[in-house]
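To keep things simple, chains are lettered A, B and C as they appear, and every chain counts its residues starting from 1.
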Amino acid sequence: MNLSTHHILGVEDLNNQDVELILKTAENLKEISLRPVKKVPALRGKTILLCFFEPSTRTRASFEMAAKRLSADTLNFSASDSAINKGESLLDTVRNLQAMDPDLLVVRHGFSGIPHLLARAVRCPVINAGDGLHEHPTQALLDLLTIQNIKKKIKGLNVAIIGDIAHSRVARSNILLLTKMGVKVSVAGPASMMPAAIDQYDVEVAYDIREVIPKADVIMMLRIQRERQDACRFPSLREYARFFGLNKQTMKDAKKDVVIMHPGPVNRGVEIAPEIADSPHSVILDQVTNGVAVRMALLYLLCGGKEI
Amino acid sequence: MNLSTHHILGVEDLNNQDVELILKTAENLKEISLRPVKKVPALRGKTILLCFFEPSTRTRASFEMAAKRLSADTLNFSASDSAINKGESLLDTVRNLQAMDPDLLVVRHGFSGIPHLLARAVRCPVINAGDGLHEHPTQALLDLLTIQNIKKKIKGLNVAIIGDIAHSRVARSNILLLTKMGVKVSVAGPASMMPAAIDQYDVEVAYDIREVIPKADVIMMLRIQRERQDACRFPSLREYARFFGLNKQTMKDAKKDVVIMHPGPVNRGVEIAPEIADSPHSVILDQVTNGVAVRMALLYLLCGGKEI
Amino acid sequence: MNLSTHHILGVEDLNNQDVELILKTAENLKEISLRPVKKVPALRGKTILLCFFEPSTRTRASFEMAAKRLSADTLNFSASDSAINKGESLLDTVRNLQAMDPDLLVVRHGFSGIPHLLARAVRCPVINAGDGLHEHPTQALLDLLTIQNIKKKIKGLNVAIIGDIAHSRVARSNILLLTKMGVKVSVAGPASMMPAAIDQYDVEVAYDIREVIPKADVIMMLRIQRERQDACRFPSLREYARFFGLNKQTMKDAKKDVVIMHPGPVNRGVEIAPEIADSPHSVILDQVTNGVAVRMALLYLLCGGKEI
C-alpha cells in the first residue's frame, strides 16, 4: 500500500487511508528504537537533506534520528551557511541541492508556503517540517499517534486546543487532522489570539478555558512563542498564566483520565505549571518518542523503503 | 593507474594524464548517484575531514555527498567552532586534527596558499576546495567534465570566460586547466576587473564581451561577488548587467549550440538574465551534478579506494 | 569485566580497577585507528548525542571520531540551535533528547555540575566532556594513557602541573586521577592562580616553577585561558611567559628524559615556547591520538559494545 501523495506538505493533502497507513507504519517501526541495535537497512544508500531555515532542536534531531535508524544518510543544511547570504534565490539553492540527487528534502521555513514552492522545483519528495503560520503536519501526525496509543481510539474523542490559535501552525494542522479523523475539537484562548476566520473550521470556540476543560478527553496546550511576539497580545505573562495556563486551579474540573499534550518547548509556569507538565496526565515525552516513529514512517513510505 | 600527486592543491600540480584519469573515474562513478541505492563500500572506514574556514553551501554539501556515496565518514569542522578563536594557530589546529588519523582533508580558506601550508603539515592528502583568490581546482575539473559530456571533445574548443577575472579563483583554475587541455580561452570583463598580469596567460583579452561571444563554443559567466567587493569596481550593478551580463541582447550573435556555464551562486539579473540561466543552453545544474562525481573521483583516487 | 559506574561524570567516581580497564581497553582499540579500514561494528545501531553547550574543536571531533570508528551514529547538538533560546529549561531539553532513545550522552557545559544534573534525568549513560571549573575526566584519562605509553609505568612517577591551577578542570581531574594511581604530584603557578583549598589535595605546592621542574618526570602545562580571564591575574602575558612559561631557560634543570604535555589549544609563546612544544620531549600530539582511543574505550564500555 502506498500514500496517495508524493509530498507531505500539509495535513490537507492526506486522505484518511493515508493517515491510517502512516500511523500503522509508525507503530510497526516504533519497536526498532527499543532494540539494542536501533537500526534497520530499509533506506541504506538514500540521502535525506535536512533544510532548516528556522532554528530547531527537536524537530531536526527527530528527523535525523529517524533517518539514521533506517540507515539513510543525512546532510544538514541551514540558513546561516547558505548561499542565500550570497544573493542566491531560495529556488536556485534548492535546485542546486536537487542536482546532487538527494532522495528526500525536509524543509522548515519561516514563510508559509515555501515547502510547496520547493516541491514544485524538485523531483524528490518534500516533507514540510513547519512553514510560517501555515502547517506542521508531522507534529499533528505524532500527536494523533500519541492520542491513539493512550485512548485506544480516535473517533468521537473531545480534544481542546488552548493558547495562541491564530499564530500556531501546530494548532492549524491539528484542527485539520483531528476533524478529518472524526474528533470533536474545541479551541480556547484570548480573543487577541483567535484567528478572524476561525468560524471556517468545524470547531467550538471559547474565550474562557473553563468552558472547554471539563469535557475534554485530551488537552493540547500551545506554546507562547515569546520570541515571535512582535506585538503585545496580552497584558503580561503572569496574567496569561493565570487565565489561560494549565495549573491545579484551572484543571480542577478536568476529567480524571484527561491527557495533557504540549508540542514543546515548554514555557514552564506560563502556559503550563510544572506540576501539570510532570504529572501522570502529561504525555509530552511520549509525543517526542512518537515523533521519531512518525518521521521514520514518512521517510520509509516516501522513499520506497525495502522490506523492514 | 594512480595520480602523480598526493594532494590536489591546484590545477598546476596536475598533468594531462592525471586530468584524464580524474574525468574517466568521475564518469564511472557518476552512475552510482542514479541508482536506487546510491552507495558503494569503496571508502568504508575512511574519515574525511571537511574544514571550511569560509562559508559554503554547495561545495561542502557536494564533498559530503560524494564522501557518503563512497561510504566514507565525514566530520565537519568550521571556523566558528574552531580553537582558532581560543588563540591557537591554524597549523596547530590542523596538526591536532591530523593526530586523530583522518584519511583526507578538504580545506577552504579565505587566504591564498593555506591548503599548501597545511599539506606540508599533515600526512594525509589535502584537497583545496578554494583558497582566497588563488585556485579552486575541483570547480575547474567539474567544469571540464561538463564540457566534455556535452561537446564530446575538449581540444580545440573555444571557451570565453566573462566577468571579474582578477578576483576569481574559478577563472584562474579554469584558465590553467583549459589551456593545459588544448582549449582556446578568451577572457572578457571591465578593465577594472582584469588582472594586471593577464598577459602571462595564454589567453585572448577583450574589454567588450561582444568580441568574444560570437566565436565561443562555451561561455563561462563569473559571479559578481557582491559580498567581497571592498571597493567599487564598476558604477552600478545595472550598468554591469547591461554591458557585461549575459542576456538576449548580448547573446544575439552567439553560436546556435553555445553552452552557458556558471559556478553559482547565480545573481539573477546581474551577470546573467533569468531567461538565459533557465534556457536550454544553460548547463548550470549539470555542473552541480558533475561536481559530486568529480569529488567522488578525487576522494576515491586519493584515498586508495577498493574496487568499485 | 565491567565498569563500576554507569556514567563518567568525574575521576572521583572511578576506582582503580575502572581506570585500569579503561586504559587496557583503549590500548586494544587504539590499533583500529591505524588500520586501512578504521572501523569495527562494535556499536552499530547505537546513537551517541554530542551536546556541547560550550564551543569545542578537538574534544567534540575526538568523540565524533571515536563513535564513528565503532560504527555508532552521532548527532550533534549545540547551544546555539537549542530550544533553550526559546525559553526551555536545560533539563527539559535533555529529557526531550532522552525521549528519542539515544544510547549515550556526551555533555560539555560552562557550569560545574550540569552533567551530574542531567545524569539524574536520563536513563542512558552520560560522559562529562568538561563542566565549568569542575572536572574533565576524559582529558585526565588520555593524559594517563599517554604517560603510561611512554614511561611504561605510572606508580611512583613525579608529575608537575604548571599554570592556572585554580581555574582549570584539567588540573583538577589530573590531580585526582594521578594521586589515585600513586603518582607524586606537584603544582606550580602564580599565587593568584592557586586554589584557596589546594592543601586539601595530596600535592606539593610551589610558586616558583624552578622548584618543581628538576625532579619532574612529566611536566603538564596548562593553557592560559585568555578568553575566560575576567580579571587580570598577572601583570602581562610577557611576564607570565617569562616566569611561568616553559622555555629553554626555565627547562635548563629538567631531567634529560622529561615528558612535556599540554591539553591544547596551545598559546605558543605564552605558557610554552614554540621550540619546547615542537621538541622531542613534547607528546602533545600523542595526547590527541590517545584521546580518540580513550573515548572509544569509554563509549565501548558504557554502551555494552559487542565483541571487537
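In this section, a residue touches a chain if its C-beta (ideal position, glycine included) is under 8 Å from a C-beta of that chain, and two chains touch if they have at least 3 such contacts.
Just so it is clear, the structure is predicted and the values come from calculations on it, not from any experiment.
Counting the residue numbers used at the interface between subunit A and subunit C, under half appear in both copies, so the two copies meet with largely different residues.
Least-squares overlay of CA atoms from subunit B onto subunit C yields a rotation of 120° to the nearest 5. Subunit A and subunit C, compared by their mean Cα positions, are separated by 40 Å. Subunit A has no residue in contact with two or more other chains.
Subunit A contributes residues 33-39, 55-58, 60-62, 64-65, 68, 78, 223, 225-227, 264-268, 285-286, 288-289, 291-292 to its touches with subunit C in the complex. Those residues of subunit A that touch subunit B in the shared complex are 44-47, 73, 75, 77, 80-83, 85-89, 92-93, 95-103, 304.
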